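Presented sequentially are two complexes of chain A, the first with chain B as partner and the second with chain C.
Up next is the complex of A and B:
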């Protein structure tokens, strides 16, 4: 299976909002679609999924036009919401039905993801331990029947925190067990604990061999998962390719140095750029490995005690900022 | 992979319908409305009948005497007795004749006729066997003894006094009757004594009957007393009244539910759910499902209210007839005359009328859904609903000025006037059928337009677009030039 996007273009009047975007995913993994606000990420995703008319180009899934009606796609949209006054379970069953999942199967999947995302208490207010039912098969029904005495009212969407609503929205995207999962800003607005939870779910999907497209501003997270990427800026793709190769192409130019003595004079003498300094901790930008080695030789020759000497490739954040600023 | 997904109209419809009907407000509103519709006519009709006097029978005096012995001082007790008995007999004959004329001759009705027939001059003679008999006696003493011996008899003593006659009703000491029976006979004799006097004056029985014949003087050409003319009158009144009633009720229902549809259609946009939906369902399926779900829930509510109303009138009619079988309440006369409106009150006519209402309801709600499709946020609805409200208002005022045959062929006016015109016999069944087909066609076209607009506006953000911009987005007119951020597929 593969996803091939070629020449996707969208214009509003005279303004081009996505200009001939092309990329390909030949194997499972995470493809990152990065860009500043308004760069055209969400519009590109909407065009790929056929929600928005394309002015040019196509998106092919397994050689055929990508159509959510014929291929199993999950989508966590950037603009996401829930019916505020309907119960969560009703909404989940409804969305599952719209994706062609029978109610009984939907209830099983809902239970699994409710436990995985730690939202059982909102979906099964009467159940102390909904997991006990998992072995019995018809979990939803049994869970509902188990409550004795006064039943707790099912939760409505507007009674949940934003983070918990986001979990329900992720559940909606995951319910059809999609082959291609598109996550538009999946981690925005989450606390560190829930960020880790979401990241573990993403890793689970990667381990299952799914194709993921992720759009995010959290570069560290994207860097953690993605293998390939496109950086969009003002409707154009300004950088594309495999992340490791992109990094290699920049060379190891970031030098992190920690010493016990002041070394400002040596740095200045070699003409090295200081990015930041805190006491004897230096973040330097060297021209390459030769300049870094020259500095190291100078420090040794002058009996400077070196605590840390680390030469690194630029981070995705630095690559992104450098391209966008250009 | 590769499987074709089924249309999701059914799933959306089912969810929307369940959400509407499952709401506490809907259920309470429906039930409370039905209860009010049921109780209001029942209570009002019952109160009106009760306060206006209730049963006619309660006003009648009752005389249980089986025999009245007549003693006349001038020796002609036979004439007096026969005249008084004839008066009771002729009243009985009239009562029975009325029962037969109404075509309701049953054992019960016959008994009712008998009871009514024995009522004369405000007095009902309720003898246990064979009705009352007026028997001449030789003398007062003989009359008194016989009456005392019978136990259920009274004595009527007639004396010629100076310048007139004096009639006295006497209740024997050992009688089983009461003072009320004697007073009732006294009332009867008082009213009928004129006939006795005329007989004493020498008029023959046929002459007396002629004198007693009822005369009625009326003004004008028509009278509601005549059955055919009454039907014609009712047809004229209801033919005028019902279309206007129909228009008024429908106007408010459509106004209310049309806005409810547009709000419902907007819900996915305000809940930021459009993206989530568009991955799972086509905008057309989403709109049609929501529209049908809302319309059916609304129609069900209206039907419940109508059932309550019809049940209330039926119960009210039953209650009034229990209170006063001979009621002359105008409303009940109207109900009794509804059978003259064969057009709509036949089963097929009723079904056709309902189908036109449903199709018209759908038509206007589809128009309302365009308002929802065009809006991006709830505040926009006051503007975007303008189209739908304007069309409804124009249709409303056009139809108020008087119904015309062409209104049957315009779907927007047909729903307002055709059921009423069918009721009045101005539109035939075949014409009604054609009107229904046109209304259904209009509704389908409107649903199609609404779904196309919804499709292009699904992801639109920005100011409310002009009609020209919407047409351009739909690829119908001019070059596409958008002011908003995005429009759907």
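Up next is the complex of A and C:
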């Protein structure tokens, strides 16, 4: 299976919002679509999924036009919502039915994901512990779980916190057990605990051999998972390729150094650029491995105690910023 | 097209289930059932009808003043035969009325003119002797006087039954006699009134539901989540059909409720006043004169009218993206419905040409064409042409709405004007 996106273009009047975007996923893994706000990431995804008409180009899944009939897609949209006044279970079964999943099978999958994403208490209120206070919503309203013996009312979407709503939305994307999973800003607005939970689910999907497209501003997270990427800037792809190869092409120019003595004089003498400094902790930009080794030799020769000496490729964050900065 | 409509069934089932589960809808449904059940007794009571009591009359004693040669004999009356009756010779109203005790009534039978009898009832105005009781007493007195008068003339029961058969008197002009299908204003008004009210009620009920349900995904920001599974056309079609079914269900429940109410109320209330009112409006005659073809024509017309205004509501719904605009959208569609109704009503009095034109104009024809066909103002040919035009309007309106919906489903902002809708339909996605 493969995903081939070629020459996707979208114009609104005279303004081009996505300009001939092309990329391909030949094997399972994570492909990152990165870009500044308004660069065209979400528009590209919408065009790929056929939600938005393309002015040019196509998205092919296994050689056929990508659509719900040709590809089992799961999509966690950036613009997330749920029906506020319908029960969560009704909504999940509805979304499953739309993907052709029978109600009984849907219930099994919902139970699995409810446990996995730790939202059983909202989906199965009767099984929840009694008399617990729960912060139940963005408006800060508090409700109390009903005690044993009374049938608890099913939860409505607007009774859930934003983070828990996001879990339900991820469930909706995962219920059809998609072969292609598109996650648009999956971790935005999550607390650290839930971020780790989401990351572990993403890792599971990768391990299952799924195709994932991830769009995010959290570079560290993207870097953790993605193998290939496209950086969009003002509707154009400004950088594309395999992440490791891109990094290699930059060389190891980032030096993280921690010492027990002041070494400003040695750094200055070798003409090395200081990116940041906090006490004896330095982030330096060297021209290459030779300059880094020269500094290391100087420090040893002058009996400087070295705590950390780490020569690294640039981070995705740095690569991103270098490409989108004016 | 098949791919575009995939998922319509699921959207339909989900939408109708949620409509039936919604708290506000359940309360509304309960109120509707209650109102339907109470409608007939409420009308009966407001119309002055009293409660029929099977146990017998509340009257404990009768005082009769009879100056005629016809004795007032209640012996064959089930209700009043057992009531002790005292016959007085002296003058009626003042004397006897002043003597009436609790639950007592007086009946005066006189013949002040050579040609007629006069029956006068005076009852004590206390609980138990309501208007209905007095009317029943008057009816019983009239029947008793009639019987004794006729018996005195040697009229037996068979002849009496024949004599009591009712008449239907028709007074008409030469033109209306020669062309009975024309100028039957009462029948026309009755059918038009009933049909138009039904279409208007169904449409008005439907409008706000459709507008609201069409906006809800966009207002709840879950359009994108849905669009990965279902196309906008299927979403729109499923939702509109669900609301239409729900409203038909409401009307069905209301009709059954009123029918139950009528049958049950008939056991306890005197409904003759309501029956009379319906008869005076000509509804009874007009409806009983409808043949199978006319009923079929009405049904087709109702379906087309209902579809027209439902899809129109959908169009106004898709032009909005927030719940703040629901009121505006409702008002616009209601104004169009009302304009169609008013034009069809006023147009009926302007002669054949106007009638024919109105039978073909979209939104007016849904009211005008079927009523004019039933009253004979237009023939089946013109009705069929009107249906075709109405069908075409429904298809075009749905096609336009679907294109606008498809084009603007991801749009959120202020509501879109007609020029914006046309541009969106042209852009289509």
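As a working rule, the second predicted complex is superposed on the first by the 303 of 326 C-alpha atoms of A that agree within 3 Å, B and C clash if a C-alpha of one lies under 4 Å from a C-alpha of the other, contacts with A are read in each partner's own complex, and residues count from 1 in each chain.
We adopt the following convention: contacts are C-beta pairs under 8 Å (C-beta built on N, C-alpha and C of every residue); 3 or more make two chains touch, one makes a residue touch a chain.
Predicted model only: the values in this text are computed from it and were never measured.
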item	value
When chain B and chain C are modelled together on chain A, clash or fit	clash
Which superposed partner A:94 touches (first chain B, second chain C, both, neither)	both
Touched partner set for A:179, first chain B, second chain C, both or neither	first
Touched partner set for A:72, first chain B, second chain C, both or neither	first
Chain B versus chain C as contact partner of A:13, first or second or both or neither	first
Touching partner for A:62 - first (chain B), second (chain C), both, neither	first
Winner by number of chain A residues touched, once chain B and chain C are compared	B
Clash-bearing segment of chain B, relative to chain C, as chosen among 21-29, 75-83 or 201-209	21-29
Chain A residues contacted in one complex by chain B, in the other by chain C	46, 49, 51-53, 68-69, 73-75, 77-84, 86, 90, 94-95, 97-99, 169, 172
Contacting residues of chain B [partner chain A, same complex]	1-6, 8, 11-12, 15, 19, 267, 271-282, 458-459, 480-482, 485-489
Touch list for chain C against partner chain A, complex	3, 6-7, 10-11, 13-14, 17-18, 21-22, 216, 220-230, 409-410, 427-429
Contact footprint of chain B on chain A as seen in their complex	12-13, 43, 46, 49-53, 62, 64, 68-75, 77-84, 86, 90, 94-95, 97-100, 169, 172, 179
Complex contacts: residues of chain A adjacent to chain C	46, 49, 51-53, 67-69, 73-75, 77-86, 90, 94-95, 97-99, 169, 172-173
